């Protein structure tokens, strides 16, 4: 699994400075890479590491930087080039190929060419698995669900019935697509379930993290656009709509019927209330609570960072009495102003 | 799967206004329903949509509203009626019936009548599965666990050993019932595990969302009452007790030994500390932190909604110095009052 | 499964007070234990329960306390002794032994002595499972992963490829080790995936809770030290490093490349940003947001507890205007001081 520096440079339309025949076995960090490894400098903050690195070669963005190391590939965007080259060095995660004989595949399912179905998989009636898909061990694809070409499910993924998944998607283990949205009508004695009759539509090039859940719609469908990237342990409720290329970090929860624009970036631990609209290109910082719609692009926040517990407790005690303090402040201001007016006369 | 308006009206003790023989194929929203679909108006806010809808018929709460559409079913609670009718239109999520030949069922397990056990299921010794249960593909029911009549497990659910589950429950994929509570005694060199010897008891008509975890008790049992509805990605720790008909939204976490009353509604992203008691009919708003017991019914909150990041940062900087500001304010107030007293004399 | 009080005392180097031949069947709480059960008093707060308990015997820390009950075992640390004795009373969670015939085990995998592999398990090529491991039903262990001696996987655990797991660990159901870290390079049209080429190394005596996810590293490895205890629904991102014996409660999320020291205790619902360093022996209280490194041991907080919603709303409204209030306050203070100076002259 080695490539010459020249081969790698060609893959990313880069220019080799130094030994074009150097063989690279692996990618590495500037700090720990060996002479058979290729590293990258994306953030100018780490430029001083160039002098110290033992990397065989480094992806850099100009010739000036290239001169600081023995071998380099010069490309306009070293981070992107590194991402592109990473695909060359990734191992194959499973040993089996074809349809494993322990997999249960309905005779009414339609399985494309060149599909890998791992051990103990269950594929139900009327499922369509397009060409080049890889379905990991223990996955369950329920009745009528369609999976687009080249999509990969890591082990133990669950797709409910009638879900529609695009092409070239990646679903990590434990992700669950199409479970019932949380819908109940209150009755005099408790709750009446509202059967969730919609489904989930997922676009192309979507990645869904481990243990992430995307619920089916109540009546219409939950919709995830093309190129959306979702991290682990994210909860997406029924009838949420997410625009193309939006990225959502881990442990974020989005309540029902909220519409999120395209090219948004939502950090981890965020909670977004239901029935909101968030426009394109919004950034939300970590652990924010979003309880109103967002009409303008830009960055939004609400989390407060930690302090030593003793100091924080004093702060909280004061915050709890801020309403009283504000009233007393207003009173004092009026008192002072009244007095000063009198004195001025 | 079509029903006449008259058939549907009879199911919900409603009265047809318009064409009782109209055949309804599906449920739909006011906005997008077609002439073969039945919709509903629950929230008066959306009344103006009645004039615009293409729905074949609409569930409404009085005759006045019925006159705004061509066909209607008049019922006192259209939302509840809609929930009840939703059961007629829900598809069957799996194609297989009976016990699939790939399922592993212990000879010491007791399986009731009319039970569906999907592919690659594991049912351990001494398990009892009552009549009419549906166990989805890939589920694991561990030694000695009992599942009540008519309960459904979607695929890839895990029940640990000796758990007791009521009747007519629904468990979504990835839910895990009876894992060890988080209990360790500190030692001089680390932590000594406290084996979790209790179990989990779950009542009837409970719904548990995808990827939700309910831990077994340390000594006694974790208890979930009848009619409790739990959304996705909820964490319920050991020895928690939850009263009947309480509903808990997604991504909420409840720490050990906390007792929550009946008919509570807990929004998403809430964290509830351990060893607390919360009375009946408490509502907790999204992303609140509950670190004290709640003795009176009513609504409780602690989350702060987002602002543009730049403004929020100024707010946070001021909040961090609120203790100092409060002290200076007190000082100024005393100074002013002292002066004014002097002047008054 | 009964033991005499003497046998139990010997296990924990304790001294029996009362009937050494009393047979104990079970462990119980002071409140509900019967005469065949052993309980414990760890917290002096509950001392009054000693007079009321029906427990057959109680673990207590001195003879004075022992005199308050009929039978006792005196040990310096009753809570730790209780933890140690809990191992005697824990049931075996699964009925099967050996390698179940429905399990799929690659011929290229190496399985140790005395290993239990449950039904519908998948073990891929080049996996190494050391002696005395128990692999629950439905687990998937991917290509090249190594599992140390005596480690237990509850059902439906997923290990990705090339992960290295220590000895005597416990993995609860739904835990997922080695899924891809969340790494993408922005492009002009969306995101380019950075293949995650690192792995996960987990030490000995680690416990990982249900539905917890630990991602593989981008280039180097995510590392979990020895004796680390992780609760349910925790998210640990790529390249996180966690020191020995740190404990992390449920629903906490740790972003990429953050380094956490040893012997830390992190409560539930905490979010920790990426690229931080937290020293040893730090305690973080529930629902805190950690967005800076922590350089000194001690306790840190940022959550605010709930209040009745109406009061809380007034508080939040004031907090949102705190910047304005602080400015007005400063102005008033200057005005007053200027006036007082003038008067003094």
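Here the chain labels run A, B and C in written order, and each chain numbers its own residues starting at 1.
FYI, a contact is a pair of C-beta atoms (placed from the backbone, for glycine too) under 8 Å apart; a residue touches a chain by one contact, two chains touch by 3 or more.
No experiment lies behind these values; they were computed from the predicted model shown.
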Exercise for the section: Could you label the chain B-chain C interface same or different, taking same to mean over half of its residue numbers are used by both chains? Expected result: different
Handout entry: Relative orientation of copies chain A and chain C, as a Cα rotation angle in degrees, nearest 5
Key = 120
Practice task
Could you tell me the distance, in whole angstrom, between the mean C-alpha positions of chain B and chain C?
Solution key: 25
Fill in the blank from the handout: Touching at least 2 other chains, the residues of chain C are 102, 120, 138, 156, 174, 211, 233, 251, 304-305, 307, 319, 322, 329, 332, 336
Handout entry: Contact set on chain A toward chain B in their complex
Key = 102, 104, 106, 108, 120-122, 124-126, 138, 140, 142-144, 156, 158, 160-162, 174, 176, 179-180, 182-187, 189-197, 211, 213, 215, 219-220, 233, 235, 237, 251, 253, 255, 271, 273, 283-285, 288-292, 294, 298-302, 304-305, 307, 311, 314-315, 318-319, 321-322, 325, 328-329, 332, 335-336, 339
Fill in the blank from the handout: chain C contacts chain B in the complex at 26-29, 32, 77, 79-80, 82-84, 86-87, 89-96, 100, 102, 118-120, 136-138, 154-156, 170, 172-174, 205, 207, 209-211, 226-227, 229, 231-233, 244-245, 247, 249-251, 268-269, 286-287, 303-310, 312-313, 316, 319-320, 322-323, 326, 329, 332-333, 336, 340, 343
